[in-house]
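Some notes on the structure that comes next.
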């Protein structure tokens, strides 16, 4: 990690179920923004796991992201789980209380953008990655159906999913619906 | 940060209201344990702030610890806010879901020890620092009464408390009781 | 407001997302019930906002209703936000604890009716307004698609929605799905 | 009830909305397992009632099961409501804290199985009853449409549903959607 | 109620257990502030009742305040129950979402002041009433001990407390501690 | 268990931390009430455990009571954990939804009595046992200080506390304060 004191800090949030190459692309792009010295990566819906939409725990997602970014040589970031509060009117205050001071919010989500702008944050929109190809929903379906998902995620993410028996977990979740 | 894959990971939890030299001493000692390659530092009662017992937000406490450890050249750790669940029977599962895999728990708290041992974790007790001198309660009282608290915390912690108007915040909290 | 002591008090609940002419018609009809001297208007799902189904905060909905009723010269009512409790078995007790004493419940909803009747309340069913024309869902869709929604709500409601940038809020909510 | 001390205790969980002949068949089969001396019957989603999917309160479901098992001469069981916790990562700990010590888990649900196996429980899969014929969803639909549902539940369950005005309750729930 | 559109709106919050002459004095003073056309009176800890510290429901407190203000000829106010959120970091957002737009906050509480000032609200401090004489704690004790409490509250408040059997409720609460 | 259909059912609630001879005396007395054919024994604060005030889980308390009553030959009861709801205004509805239909409430607690009477329940007050001698607080202190507690609880309760390492658990809880 680098020195903090006069650093500008970016903020990005996702569910990362799982962390994929599209997410990595966005983080790389933000890291190239000269105004962003450090990045807060917030892991949304941190309390949820073992569902079809959110199969992995926050801890497992932290491991995925940490390993993937280590491979990239990226280390100037904070990785912070954010539990859902389910009330958008207080959501920005909730996030703000859990993370270090935010200077720039990076998001392509219209609601996230609106909520932070209403609180006078500086919001930037990173270039969109190919959402057709890189999509958590699609990757989870490919995992369930033994499709070609490994090339869509960083190699270390595939390793972790295997280590935690994540493929079978997803298949069990389909069966128990 | 260092490579993760075969690393052994320690776990330590505190409220860090604020982070003081006693906490730092414990972290240094754990870092000297040859069995611990990486440390998960969990910030307890993460949802609480602006009370006499818990004046600082989780985000503020993350900044304190990050800056203090940077000064020490320590960077092989995860810094993770943990919201209270107020049910000890599920507490270990709650923590486990929010952090990367834990190999060794470091704690001097009898209840934390018991809860992790009941779940078959490897628990170690770091040497106790001088609790008479280094105590969150005492430091908060010294801040309120303009006492000599700065020498009890890392320099960067004192700077952050000043930057966030923390001294006046504590004085307001006393008045509003 | 009028004198309370021997007054009979009615109760009506809705989400009012937004308050429209159908709602106004029901309130006018209840006000014409000679047995109802004062009306408690409860704003349901008070904690929700910034979703497609519930775009407006409770505070915004209070402003809508207050302004619309002022225009009508209606002032003998209480306007009370009621947060969801998500357990119908305790819902009547929940509502009862948040509002002044209820004498008559006005509702066309079969579940609300059943829950209050099971607790021995006097329940009356106001005449149904044209639900084809006046529907929150339909009005929200018209707002999103720049349709003809303004004639379906009181003029002051349209003004407030514009003042709080409500049209763009709804469009952002569609985009962020 | 029989003596507890060296008894082996089974565990089974369901929503029982309502308790039907398929459920009874599973309980009879478990009772025939020579390794199971006592059975913990957990009533899931205990806090929910008065919805189309979960029309009956936990208390009503307890009455249904108690009466049905009395008729069968089965009395070596515990009947325990379990409120949802909505976080699968802590769910086993939650259940464990609410019921007496579990020796064997009986379940056909892939997720329940996985969650208990991950915590090293002994899990067995009872023979599946005819899910086409015995299904809570189907029975609730038959009740709403005045279909032939009574032969699908124990006689005492039909009596209780009638006593608590359950048929009309379900019809009201359909209307208020 | 008066016309809203260009009106300036004040905000005051209390638990009002019960509403007493000190509270009334503050409201009268705020009403005399030429900058305040309408007042939002928020009823804090709205979800609590039947405890020694908070004996009355939000609905009962609404009745108390409404009757007392009616007697004073005051009618330009909103009376809004606010449920505790127990997280000061999001508390202002929580309140803001439940009430109409606030222009001026009136408070003597150091924490409330700090929280609103941190969100850039205009905060004013009304003159303090005699807290020795007018205190909820003291009034509740006088009620329990058959002391001289009636002169400390508006007459209509004493009437309501009697109507709802509030004196015996408080005595029961003492006994059940 | 006995036949339910025309049976009268009593209700009693306690925290049972732990279940002691005073509790047993009350249950025996209720069982002697000719109007009470079956007893619902509700275990309050069911979600709490591992604290000095509430050391045992609901499941452990169920085992204690079940074993103690078995020894007494008592078997016509329901044993139901009730999670705290922390809002007395809805508490009776909460309890009612979790247990079979209640005919008579047995309680010496003034608040419980008041809450059920306000909902028109038939409430009876069992004769008080010697609260000086039989007190959960006192028994927990005796356990911690190796005092003479075993004669104050049924023998099977002492056995269970020993089996679950409850003595050391309480001692750890004291140390971790």
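So that you can tell them apart, the chains are marked A, B, C, D, E and F in the order they are listed, and the count of residues begins at 1 in each.
Following the convention adopted for this analysis, contacts are C-beta pairs under 8 Å (C-beta built on N, C-alpha and C of every residue); 3 or more make two chains touch, one makes a residue touch a chain.
In this text, all values refer to a predicted model and were calculated from it rather than measured experimentally.
S.K.: Pick same or different for copies chain E and chain F, depending on whether their interface residues overlap by over half.
M.R.: On the two sides of the chain F and chain E interface, the residue numbers are mostly different, under half being shared.
S.K.: Between chain D and chain F, what's the gap in Å when you average each chain's C-alpha atoms?
M.R.: Centre separation, chain D to chain F: 25 Å.
S.K.: Based only on mean CA positions, could you tell me how far chain A sits from chain E in angstrom?
M.R.: That pair's centroid distance is 44 Å.
S.K.: Taking the mean of the CA coordinates per chain, how far is chain A from chain D in Å?
M.R.: Chain centroid spacing, chain A to chain D, equals 38 Å.
S.K.: Going through chain F residue by residue, note those that touch at least 2 other chains and give them in order.
M.R.: Residues 47, 49, 57, 87, 89, 96-97 of chain F each touch two or more of the other chains.
S.K.: Is the chain-to-chain touch network here best called a line, a ring, a star, complete, or other?
M.R.: It is other, because the touches fit no line, ring, star or complete pattern.
S.K.: So, with touch as defined above, which chain pairs make the list?
M.R.: Here the touching chain pairs work out to A-B, A-C, A-D, A-E, B-D, B-E, B-F, C-D, C-E, C-F, D-F, E-F.
S.K.: Spell out the residues on chain D that touch chain F in their complex, using ranges where they run on.
M.R.: Against chain F, chain D makes touches at 1, 3-5, 46-47, 49, 57-60, 62-63, 66-67, 70, 75, 78-81, 83, 96-101.
S.K.: Can you list the residues on chain B that touch chain F in the complex?
M.R.: The contact residues of chain B facing chain F are 87-89, 109-115.
S.K.: In their shared complex, at which residues does chain A touch chain D?
M.R.: Answer in residue numbers: 47-51, 57, 168-169, 172-173, 175-176.
S.K.: Help me check something: in the complex, which residues belonging to chain E touch chain A?
M.R.: 85, 87, 89-90, 92-94, 96-97
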